[in-house]
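Both complexes shown next keep chain A, but they swap its partner, so chain B is in the first and chain C is in the second.
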Partner chain A sequence: MDSDRIAEIIIAEIRSTVPELEAQPITRADSMADLGVDSIERSEIILATLEAIGVKVPMVQLHGPRNIGELADLLHAKSKA
Partner chain B sequence: MPSPRPDLHSLVVTGIGVASGLGHGKDAFRAGLFEGRSVFAPLARPGRQRGDGSPPFFGVEMPDPPSILPPRVERTAGLSGRAAVAVLDEAWREAGLDHVMPERIGLIVGGSNLMAREQLLSLREYADRLDFLPPRHGHVFLDTDICGLCASQFPIRGFAHTIGAASASGAAAIVEAVEAVRSGRVDACIALGALQDVSLMDLQGFRALGALGAGPVCRPMDTGHDGFLYGEACAALVVTRSEHSAGTVYGRVLGTGFCTDGSRGPEPNSDAQVRAAQDALAAAGLVAADIDYVNGHATGTPSGDEAELATMRRLGLGHALVNATKSIIGHGLSAAGAVEAAALLIQMREGLLHPTLHLDAPLDEAFRWVRGAAQEHRIRHALKFSFGFGGTNVALVFGAPEGEAI
Partner chain C sequence: MTRAVGIEAMNVYGGMACLDVKELCLHRGLDMPRFENLLVQEKTVALPYEDPVTFAVNAARPLIDALAPEERARIEMVVTCTESGIDFGKSLSTYVHAHLDLPSNCRLFEIKQACYSGTAGLQMAVNFLLAQTSPGAKALVVATDISRFALADAGAVEEWAYSEPSSGAGAVAMLVSDTPHVLRIDAGAYGNHAFEVMDTCRPGPDTEAGDADLSLMAYLDCCEGAFRDYSRRVENADFRESFGQLCFHTPFGGMVKGAHRHLMRRLYKAPPKEIEADFQARLAASLAFGKRVGNTAGGSVFVALAGMLETVAIDAPMRVGLFSYGSGCCSEFYSGVVTPESGERLRAMRIPQALDRRHRLTIEEYEMLLRGESVVRFGTKDAELNHQIVPDAWPVDAAGDRLVLDAVVGYHRKYIWI
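Here is the complex of A and B:
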């Protein structure tokens, strides 16, 4: 599964967790904070994505990314590890 | 005996929201009560079936609460939370609480262990993949999440907390709301009897205790009674001083009695029930002869019904009309005291008493049971009983809104 596919999963989880963003265009360049996703929702979105791609990573290792694309890249790298 | 508290007489209930198996809102509640519509059925919500082919648990389940929360919040709120917000919204509007300063409004949520069914479902869903348990589970399982949910959606900034008194929790919330307003801590306090969302485990526990009836209906105070049937319910009552009332005045809260009897388990205690009633009457400055209507706790368990009848005999309430709301909507557990107080106040307002269903052969024919059909009656002073496992005994005395202070 490549980084773009992981980003699609993240974006789908964002829309599911924050239904108010259902119709809003979301790209790899957006950050969850800028979209108004709160910290608990962010954790929920990441956990759901991890489960979808079959990866277990401690949340503490996932604080660096500044946008969805960087998060997808990081998860992609973890999935290869 | 407590000394009379004349300042209690200025406390009124000005807003009511209610949800039960009869539907959402007071109109559905009122219509179903007075029609005496029986809504008992096998419990169908996930998490309430034994799954081994044995007979189902009977009881009452409500329609889904109206969707009034933002979708983002609603998806994280369970049935208890959504029902709480719905009844609070109805009570809030009716009482005109937008005109009260948020810092002068309090909320007391009556109930504990409110979300057992959802915890059971979560355990089933995540037992094999705990690493992916959504983090919201770290806070939404708390009963106080209902306080937070309500205060996040309504401008309640005085206080918000829970009070647990088993099946008397809703009535205990009314007692505490009265105290909070009477003390001057707030100008308005919402007493919310929360929906106790029971699981299969809770129901089986009640059955094992011998407290739960087999169904298909519940027969409080009837010789054919065999236990209570669970009923999903939730109600909010706004207690305020009469000078702060902006809307409907349903009735006055004249006196409360709230005592413990030293028992740990489910066994009722008539001595303490009498004491609670005497405390409430004394606080109201009334005697039993002044009471013209009793809304019983009346669960339909053999020992509970017998103890309550003994209590009413000892108090000398044979002249009063009596009915049992649980015969229609089942036993709301934590919500029951608040929902039944709502039923009492709605009957007071309508001048009509709802029938007690399935009361074909009363345990004691000497009492003036309301049965068969609704009965006209202008309530002047009413007594409400509410008892809980663990030795909790609550009595509330309400007076008609137009009554003179005594």
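Here is the complex of A and C:
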């Protein structure tokens, strides 16, 4: 699964976790915090994405990305490791 | 069969003043739906003449007063657990020992490991008793923490937006013995998960720093890791089936909810409706006091235990699962058994009534306190405390059973009973 496909999954999880964002355009350049997704919701979205792509890594290893694209790249790298 | 040890008596002390958290969030212009997710209603605010010592002593005194002289004479260990220390060398336990007039053949020390400290202290006491080096001995373990923010500028307010509403103050005192009326610890039933991480820290005496996302991620990793270690040690342990109630370290209720959801999904792939019903049935009661005092750091998991005992009708012995997390980080999942007597003994402490008696600060009073002009800072050599800084907070029904800070003379803290 490539990084763009993972980003699509993240964006789908954002929309299902925060229904107010359902109609809003979201791209790889957006940060979840700037979209108004709170820290609990952010962790929910990351956990759901990990499940969806079948990757098992500690959550703290996913800290640091500044936007959805960077998170997708990191998850992509983890999925290959 | 393993000897019975655990918590004989327990009390929560929530200070003399509190603030309505919703009012604070409105004042700060925070997003209100997000506020609801915090699951916090009030927070204790420490007055300048309250410090970790006064919180600790005021939590412990009712437990000590209830003992017969021969029982008090068996207290052989006093452990203070805190991240709000007042000296790099001298421990709070020395002041606690003095003001509770405890025996001189006592082991006194302090434990620091962020919010995990209280559990570290409890386990230290439990293992002292299990070792049987002094049969019949008792230990006093007090987790005591206060947070004091300084309202330096608008930037500081923004930086603390997430932690200010939830940071509280409070102390939990526990008498640990071989007559565990409140919680009988399951000896040997525990699991740890620890690793180095820079999620929150206190790099200076008056500063706190942290990363909300990293802290939450570490908490979630630890909750799962500690429970998996517990289930490795305890045959047939099942997160869903083994525990009638759960009590977690509670930075704010929303974080506990997130961790519970994480575990239920990871372990059972449980659907959202089932997770919500399980949270309401097994964790909601534990928030009863936490949502009134805010995050009490080292004491928080025991504030959760007290809230559960206050709220849940216990009609038969029940196993409780406890999860403690301390930044940096170390965590532990452990368990114990409570009985109908546990609830009766806890309710006899009349904790809700004491919380009701706190002075409710106005925003103006709170912000005046935040400016911190009257606060005794770490390392202060000499000071006189103004007890009338918030006149309405000073108790009119003073009965001589509450300790407050009066002065600092050559670094030595002087307290008075009011």
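Just so it is clear, the second predicted complex is superposed on the first by the 81 of 81 C-alpha atoms of A that agree within 3 Å, B and C clash if a C-alpha of one lies under 4 Å from a C-alpha of the other, contacts with A are read in each partner's own complex, and residues count from 1 in each chain.
Just so it is clear, a residue touches a chain if its C-beta (ideal position, glycine included) is under 8 Å from a C-beta of that chain, and two chains touch if they have at least 3 such contacts.
Everything numeric here is computed off the predicted structure, so don't read it as measured data.
Student: Output check: A:Leu47 vs chain B and chain C. Expected answer is one of first, second, both, neither. What do you get?
Tutor: both
Student: Tell me which partner A:His76 touches in the superposition: chain B (first), chain C (second), both or neither.
Tutor: After superposing on A, A:His76 lies clear of both chain B and chain C.
Student: Just to be sure I read the superposition right, which of the two partners does A:His63 touch: chain B = first, chain C = second, or both, or neither?
Tutor: A:His63 sits against chain C, while chain B stays out of touch.
Student: Could you list which residues of chain A make contact with chain B in one structure and with chain C in the other?
Tutor: Dual-contact residues (chain A): 40, 43-44, 47, 51.
Student: Using the touch definition up top, name the residues of chain A that touch chain B in the complex.
Tutor: Chain A reaches chain B through residues 17-20, 40, 43-44, 47-48, 50-51, 56.
Student: Looking at the complex, which residues from chain A come into contact with chain C?
Tutor: 36, 38-40, 42-44, 47, 51, 58-60, 62-63
Student: Would you pull the chain B residues touching chain A in the complex into a rising list?
Tutor: Going through chain B, the ones touching chain A are 70-72, 75, 129, 131-136.
Student: Would you mind writing out the residues of chain C in touch with chain A in their complex?
Tutor: The contact residues of chain C facing chain A are 31, 34, 37, 162, 195, 197, 211-214, 216-218, 220-221, 254-255, 257-258, 261-262, 265.
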